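Letters A, B, C, D and E mark the chains as written, and numbering starts fresh at 1 in each.
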């Protein structure tokens, strides 16, 4: 189910519907500053519909900030400024008049730090569903079970859905947040280190999930686990700090990046890390 | 610098000073319950002075809860109850009259979720130092630089030490918290997934740090990254859920666990994950 | 469980100090209630406690001590005021945090804080000179339950709004971001995520405001008409317990004076009853998880 | 000579006594007079307990208060007021009784427009209430009021804001407001016209005394201060407060 | 667009309108009230009004002694109540376990205190501070009585604010081996400071506005106070007296009220600046 009216609204300045050759997301010279500090400079990246793109790179080089631009979470950070060109299916993502709510329904985000609401597990999942207009109880319960199963959490929590989400272990919270983002069936899913708090088994569950989502969902995943990037991604982009400003030094298919890197930085990074 | 007076206080019921053969930390039949829910049962583990012990296992099986017992952070969770025998250098860690402040200075903890104070970066690091009685400014500044360098954060933040710590990226916050725990030179360092938010480079920095700390510090590290466990740890313990209660299914040297596991669960876990 | 005592002298001293603070704070109420009780004793022993509930009419000089209409009046005015000011205060707090541009929010906050410190006599004068005549033109005598509720609502609104605002401001921003990332609309985030997450702070705001409402004297004295009767509509005058004390204390002597202190005691009981209800309705919130 | 006097009691009297005290202090350096309020009953109680040297009492003393020495400083008449928009004038005593007992509930019953009457009464214990009741020969329990008020100013504002209200307040206050343009009009309580002049010359009966009381016959500074308060030297201050100097 | 979507859009509009409507109503009511005060009072205010003593029972002269008395009484109240309130709040949140009945009783007792009418505080203060403790009518008695009055507001605000401090901060501090009292004073209290300051603003407002409690304690004397043991009339008492007891005092009552409101705005502004400064010094949110 693609949220049709949301798409309709987003398209306000009507543009040519992107064909398969046109990338779903298109970034050109995107820069991000917090106050006077520029942290991301001149990022250009194309993301095709239905692909999985891994963003890798050292800590603090602007990966999270870039994801934040894609669903306009940056709006919530005071003094944060984004420039450049950023389009989703042709629509200008940096347009100040854009309907950000519709955008965020299409573009889900899973945060680096799990952030469940301080309510019960069930209520955490019920809320977005009700917000999306699912009024009846049964379809909500069904969706909740489906998504919890998808992240491998159902068996662990099905008997305590009414307990506080805050009492879950770190990994459980993370998976709860993934499940929550899946509920709305987003068109694009941004995942900021979704497996960082997960053990290998849960991590594998999430990776399998990513695989199964691919058909109906475009995924951008930030990961520090290069092996994981190789396993799940089609394309890969390496962010790097240059003079204190993050940018993309190389991008390409996973094969290219890991086996035939053009830049020395990339070569060193994937080598050093894989070793 | 071992915190001598703290040790002295801790030793209230005088016990024989443990020789090298006696483990520094000794757990026998430790169980943890939150309210009526038992989450950890019958954990027995010995940790030798100067060793690095990795705790691995799936999400929600009680690793964090076990670490919490070792420096009595569990005291802060209402309705949390710990039973069994737990000793540090012979002193009973579950003694309700134990001086937990002295204990926590000896046994540092790095949390799974980075939790910098909502102050400036500098103030985050200044506080524990002042607390430990370092009155003059220069030694504090020196210690701060040393610890920030140790976690590879100095270059990134030295020009904005007075900015808010909360504006750091996820990985930067994580490393800041590691630096903060190092300042006091703890005797035992408990690390709960310290590298989960870190890219391979920063991860390697932290691993190197662990190596360099080994001489003066006993380290217990929870990690989901089995490769990391193999790289940094001497011994390894696998936690597993049995009937909903976490326990240790196997422990031994890293070689044993990864190459000659006794239990099938271990074999499957390390295989599945490494593959 | 948390060990309260500690072996460290500094810490022990600190905890002792805190204990003394707590003891002093709770002693205050003991002292206030104690003084009130001592002063109320003559009337209670002469008339008997039940007289204050069952007597018909309040004519203390003629030995009639019925407080029931005033108890009802106090409850109606306070609940009415709270019913208006509670939601408005919470909405104000939401407004400051999620709707208003920063400058507007700052100005509005300042305004609310000033509102909280205007003497009640000024509210009373305003109500008497502007509000009561308006109501009187419509449904005489004007001075009424309704006037009391409106003036009281305006007076306690800042208490609710300021306390609620600081409770909401304190929530981790991750909460708001989490909601936004799920494509929730602003009002859903505000009223379904933020407000419930701040419920313990909001409960505090309401309790404080209720206390202020029950104890409010001068403003109500000027606008409620102070008639000792059971109101049959919003436009009927009522007298509150606090107004009763202020109205008559100046000339009251002996049993009359003592009977006024019984009003104070009854008010304390009323607050206690309100707290019991509040505790049953809204059990203590827990600490926020971050 | 240094001395300190504490005067407590009626808030009606406090502004006046406070001003007298300032003048007295200026004339007698070293003397300090602290004026406090809290009500007539407080004045009586404080003087009896010895907390205050002088009490201010804005009413006739009760029979059980004959242990105190009374010194009248000024008088304050009580008159009926209605809104200037109200054409009814004059009111007979019977009509007032009818209004205050609930027999007459509409101005049309006494020749006014068809409007319900809003009856404003004072709170139990207030001396103006006592004077009013005594004058119209009613018991407190007979009165059927719509609004109960405390101070005079409140009464004036209620009547000013409600064209169909009737109440009774201090004549001086009402005169001031009538002059200052507040829409209130004084009406006599009885046959004599309600003016401060008639209160002063004693023809207007419905008036209360404003007293300074002491536990024992005053002596020393207290005696001098009371004498000063009763002297013509402070008559301008008494007029300033819209009271009437007491006949000596 | 579906009916459902339309309905949802309408809900959003209605809620948004309500959220803007409430402050609009509040501002309108306040503007109305303020306009009243300004209309009647502004004409009386000039420099002399602020710097001279009142004459003719307040209908001439100024309010200088009242300004000083108000400042002193409020300062005493804050100096006494703030430490008590914060101490009690810390006791409830950081020391006593949440289930402790002592904590519940302390909180309940303060809640009841919050509901007592100010005149009862006045009579209480008069009996206890003025008479039993022999302080007489004085700024000290008044300040102490006010301290009792604002204690519940300060305590509740502080308690709430401390409860809102994220557990991560608390655990972080304790895990660093900070003794509990240091964790509280160095980390938890600074984190909770904005809420405490908000409570303080409310409390100061309440104290500055108080009448009935002060008539019986700090008193009615309109002389410039020269010691804490002197009686002194506060601005709010002056407003009350002028409007209720002094015939023809209305305009001066409004003028005094206007000064009081101005003072409140300044105080609230300063306190919020202080709060912001403290936040900036440390700070951000986790």
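Operating definition for what follows: a contact is a pair of C-beta atoms (placed from the backbone, for glycine too) under 8 Å apart; a residue touches a chain by one contact, two chains touch by 3 or more.
Computed from a prediction, not measured in an experiment: that's the story for all the values here.
When the partners of subunit D are compared with those of subunit E, the chains appearing in both lists are C. Look at the CA centroids: the one farthest from the centroid of subunit B belongs to D. Centre to centre, using the average C-alpha position, subunit C and subunit E are separated by 15 Å. If you average the Cα atoms of subunit B and of subunit D, the two centres end up 80 Å apart. Annotation: 31 Å between the Cα-based centres of subunit A and subunit B. If you average the CA atoms of subunit A and of subunit C, the two centres end up 47 Å from each other.
Shared contact sites, meaning residues of subunit E that touch two or more other chains, fall at 97-98, 166-169, 179-180, 243-244, 285-286. For subunit A, the set of residues that touch two or more other chains comprises 113, 167.
Residues of subunit C in contact with at least two other chains: 1-2, 6, 8, 11, 125, 129, 172-173, 185-186, 246, 249, 286, 288-290.
Those residues of subunit A that touch subunit C in the complex are listed here as 71, 73, 76, 100-106, 108-109, 111, 113, 115-119, 127-128, 131-132, 164, 166-167, 177, 180-181, 184.
By the touch criterion given at the top, residues 10-11, 38-42, 44-45, 59, 116, 118, 123-127, 139-141, 145-150, 154, 157-158, 160-162, 164-165 of subunit D touch subunit C in their complex. Within the complex formed with subunit C, the residues of subunit E that make contact are 11-12, 15-16, 18-20, 22-23, 25-27, 29-30, 32-33, 36-37, 83-88, 90-92, 95-98, 102, 105-106, 108-121, 123-124, 127-128, 148, 151-153, 155-157, 159-161, 163-169, 179-181, 184, 192, 194-195, 198-199, 201-202, 204-206, 208-212, 236, 239-240, 243-244, 253, 257, 260-261, 264-265, 267-269, 272, 285-286.
Listed in rising order, the residues of subunit C touching subunit D in the complex are 57-62, 64, 125, 128-129, 132-133, 136, 140-143, 221-222, 225-228, 237, 239, 246-253, 256-257. For subunit C in complex with subunit A, the residues that touch the partner chain are 172-186, 188, 192-193, 196-197, 286, 288-289.
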